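Note that the chains take the letters A, B and C in the order they are written out, and that residue 1 is the start of every chain.
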Amino acid sequence: MARTADADFKTRLQNWIPKLVLSPTIAMMAVFVYGFILFSVYLSFTDSRLLPSFGWVGFENYSKLWRLSHWEVSLTNMGIFAALYILICTAIGLTLAIFLDQKIRGEGFLRPIYLYPMALSFIVTGTAWKWFLDPGIGLENIMQSWGWVNFSFDWIKNRDYAIYTIVLAAVWQTSGFVMAMFLAGLRGIDNEILKAAQMDGASNWNLYRRIIIPQLRPAFLSAFVILSHLAIKTFDLVIAMTGGGPGRATELPATFMYSYTFTRNQMGIGAASATIMLMTIAAIMIPYLYSELREKK
Amino acid sequence: MSAATQDTAIRTGRVTRTLIYLVLILFALFYMLPLYVMLVNSVKPLDEITGGGMMNLPQEFTIEPWLKAWSTAQIGVDPTGLAPYFWNSIKMVVPAVIISTVLGALNGYVLTKWRFKYDTIIFGLMLFACFIPFQIVLIPMARMLGLMGLAGTTWGLALVHIVYGIGFTTLYFRNYYAVFPTELIRAAQIDGAGFFQIFWRILLPSSGPIAVVSVIWQFTNIWNDFLFGASFAGADSQPMTVALNNLVQSSTGVKEYNVHFAGAILAAMPTLLVYIVAGRYFVRGLMAGSVKG
Amino acid sequence: MTIMKSLKMTAAAVALSAGAAQAADVEVLHWWTSGGEAAALNVLKQDLEGQGVGWTDMPVAGGGGEQAMTVLRARVTAGNAPTAVQGLGFDILDWANQGALADLNAVAAQEGWDEVVPDALKAFAKVDGKWVSAPVNVHSTNWVWANKAVLDANGIGVPGTWEEFTAALETLKAAGVTPIAHGGQAWQDATVFDAVAMSVLGPDGYKAAFVDLDEDTLGSDAMKEAFDRMAVIRANVDDNFSGRDWNLATAMVINGEAGFQMMGDWAKGEFLNANKVPGEDFLCFRFPGTQDQVTFNADQFMMFDQGGSVSDEQAKLASAILSPSFQSAFNVVKGSVPARTDVSDADFDACGKQGMKDLAAAAASGNLFGSMAHGHAAPASVKNAVYDVVTAHFNGEYDSETAVQELVDAVSIAK
């Protein structure tokens, strides 16, 4: 009797161990992520300014938020930035990965060069970029001193183009990382399939278009997750390069949220903008996660 | 991953290859550009920088800025340089990286090999958590740390990094373990091996590549974090990035750009080293699983 | 780091994490990390250590204290407030209204602060009759800095009126010199706007607009005139101004590339660092039309309540800050003037002496006003709302008429 009870206990324990192992993570997520999200949503309906306070004001913060022209600016910028950033990083990453996959001599030398920007913090690479893009001391000045007198590159000082310089620096930082993801995907493709296709006389172009790139789907999806999360969190970059300027031309939702919550002492409006941002993220990510995770079963 | 063992089916002509090399080298130059700007300006005297010509090689070479950034630059009231903060960062990064990677590995193991009802939903929730903007968690996190008695400590800071890194490490390990043959696990189970035995004897020994990915990712993110470090560290545990920020951002005073750049490279040294040393395992690790469905 | 010091720091951390009151250390959160400032603060540190009070340093630089204020919020929320925190203007009042600050009246009475600190400054150091923070200095923001050689070469004297000023700008432009060195960052745009608005609206109008936030004044024709003058200034800066740090703009004046810069008195340090002599190489004067007024911002140290009453260390720190010797030593370095009006000006240079004289005169005649651009006229939300409009107008997004309407609207949302 004792032995079976013991065995019984053991199997039950075995059933519980996986859940026990998972439980610290679940608890942390429940409190530190979802609890905090709920708290932030709640704050968006209160009159919080310097510190959280709990006077209910309904949708006042939201109506104020939508009256602020520079919230709209930051949303437009987010659209431009995220779209270009994700597209360009993916394109450059894929191109470099395909090129690097052609039995390139010196791959071991080039790869770390492509990857290293990810290792640097923007607190100071921002300064390097700022200098480089500054027409007075950077590229424009250098090209002019080399004899191209009419060369002009003043995007960072131009309200309509400054956001593109942010894209440039952001692409610089992460496209190498995306390259690594695609390279890994390429290396994982079964060569037998390719050889068979080649026997059938497929050109390189068709090989990539019809067979290889479709097989990289998981890499595309991982890249999308990583890039979109980085796009949404882009903050240091803007602070270091333009401080949101010229004027408010490079303000993004993350900088907007930070400035209302912490420097302007309008925590309620900051929380409202955070709520809208989270809803936007959810609207994009939930369908994606749903399709991704369902197919894997 | 050496080219010799790689049997690619793609053949390219000479012209194409030249073009490919050209593009690759151009991009390499593009990636090196900011580092070049930082490097050359970190070995110039200040008046040479303010005199203009930021792309020029130094006329007068000096390592003074490097020494200053490391040991005598003004970070706070005391001219300590970045050196003491370096160890603060190490003390925070090492436990945070180890714990979040171990938890990620265990989570990935459970979520792929010990499936239960709603496990996908739980994983989805973890993944969604990666997207939470850090600015909104600052105040409630401060309160929680205060309640737990961890405010202003290295452990408190490490906890924060663990919490917000675990989604990524779980993602990496889950995708990696997903392609690991489940039959092996079942066989071991029949032989009477328990939960941890299976993990320890079967999965862990083959987890090297993905552990590298997870460690690199976590190490870089945690080392470079500024917001949490500034907000949750105490006076004796401020990390390197906060010190670097103090060095660079001094609001009213002379800006010693050469010292700033030297400091920036010093601060980035560990992460650069990790990328260079572990870089080749990195691609291998990604290849081995994280980008596969 | 010596063993003693690391032991001391560990001890402080243990005391903090246990939530216990600290024995005899002050923990000071500040953003003075540049060479000169930090050296000046070190005087204070050594003074305290001489009295047996340890100093735990908590520097967080960035954005003129914005970063430090974020950290402060996290620290207070965690129930772990530093002992003393550098603070500016309305931030101090906000924290006092949260009931987070300690009552310094006992020290203040003993040291006679009430007699020596100007009323305009007290408005930010005393709340409901209680001293809550110790003022360190007074910066005035309506200065113009000029390269004397450039002015002399073009036959320009110190302009006393807006008309003379614009004439000087024309002359410089014709001579191929950038008339105004300026850095296009919101706070710098607003610093210039402060002085311009004061000259157009006059002291009463300035107060009505930025302190009382009176909608009629904010939307008045005079305000439009102020924006028109900003447009004139915009037309006289170089094309490459946006995003430039203020000290680089100062360097343009030092190097003779530009004639004038409108900036607070901290710009003086840049000139001195370049071995320039006030009165000989460079000139400092009040923005034309604001000769009698001083717009100021003042750095102070707020004392956070560590449980009931002011601790012994806080009292010692506060009295050290207000001591005439520290006030003089610190402000000579910082470029600002002492927060108390009875400090000898012997150690100050020509600009410093004039600054002290102007401050005393303005304080006596009721012409001392908090600077809007530096958070001493209205709360942070309003200040930043004004920034948005001023900077958008300066960058050509709005014309003057739109700017005035936007100003009224933005202030009403922020109020």
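Note that a residue touches a chain if its C-beta (ideal position, glycine included) is under 8 Å from a C-beta of that chain, and two chains touch if they have at least 3 such contacts.
Here the structure is a predicted model, which means the values were calculated and not measured.
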Inset, instruction - Compute the centre of every chain as the mean of its C-alpha atoms, then state which one is farthest from the centre of subunit B. - result: C
Legend entry - More contacts between chains, A-C or B-C: B-C
Legend entry - subunit A-subunit B separation of Cα centroids, rounded to whole Å: 15
Inset, instruction - State, to the nearest whole Å, the distance from the C-alpha centre of subunit A to the C-alpha centre of subunit C. - result: 37
Legend entry - Multi-chain contact sites of subunit C, meaning residues that touch two or more partners: 63, 70, 73, 77
Inset, instruction - Would you please write down the residue numbers of subunit A that are in contact with two or more other chains? - result: 51, 262
Inset, instruction - Any chance you could list the residues of subunit B touching two or more other chains? - result: 138-139, 141, 245, 248
Legend entry - subunit C - residues contacting subunit B, complex: 1, 6, 9-10, 12-13, 16-19, 27-28, 30-39, 41-42, 45, 55-65, 67, 70-71, 73-75, 77-80, 245, 247, 251, 266, 269-270, 273, 334-335
Inset, instruction - Provide the residue numbers of subunit B that touch subunit C in the complex, in ascending order. - result: 50, 74-80, 84, 138-139, 141-143, 145-146, 149-153, 230-232, 234-238, 242, 245-255
Legend entry - Parts of subunit A lying in touch with subunit C, wherever the complex brings them together: 49-51, 64, 67-70, 130, 134-136, 154, 156-157, 159, 241-249, 259, 262-266
Inset, instruction - Give every residue of subunit B touching subunit A within the complex, in rising order. - result: 1, 3, 6-12, 17, 20-21, 23-24, 27-28, 30-35, 37-38, 52-55, 103, 106-107, 109-111, 114, 116, 120, 122-141, 144, 162-164, 166-167, 170-171, 175, 178, 194-196, 220, 223-224, 226, 241, 244-245, 248, 257, 260-261, 263-264, 267-268, 271-272, 274-276, 279-280, 282-288, 290-293
Legend entry - subunit A-touching residues of subunit C, taken from the complex the two chains share: 63, 66, 69-70, 73, 76-77, 94-95, 98, 184-186, 239-243, 379-381, 384-385, 388, 391-392, 394-397, 406, 409-410, 413-414
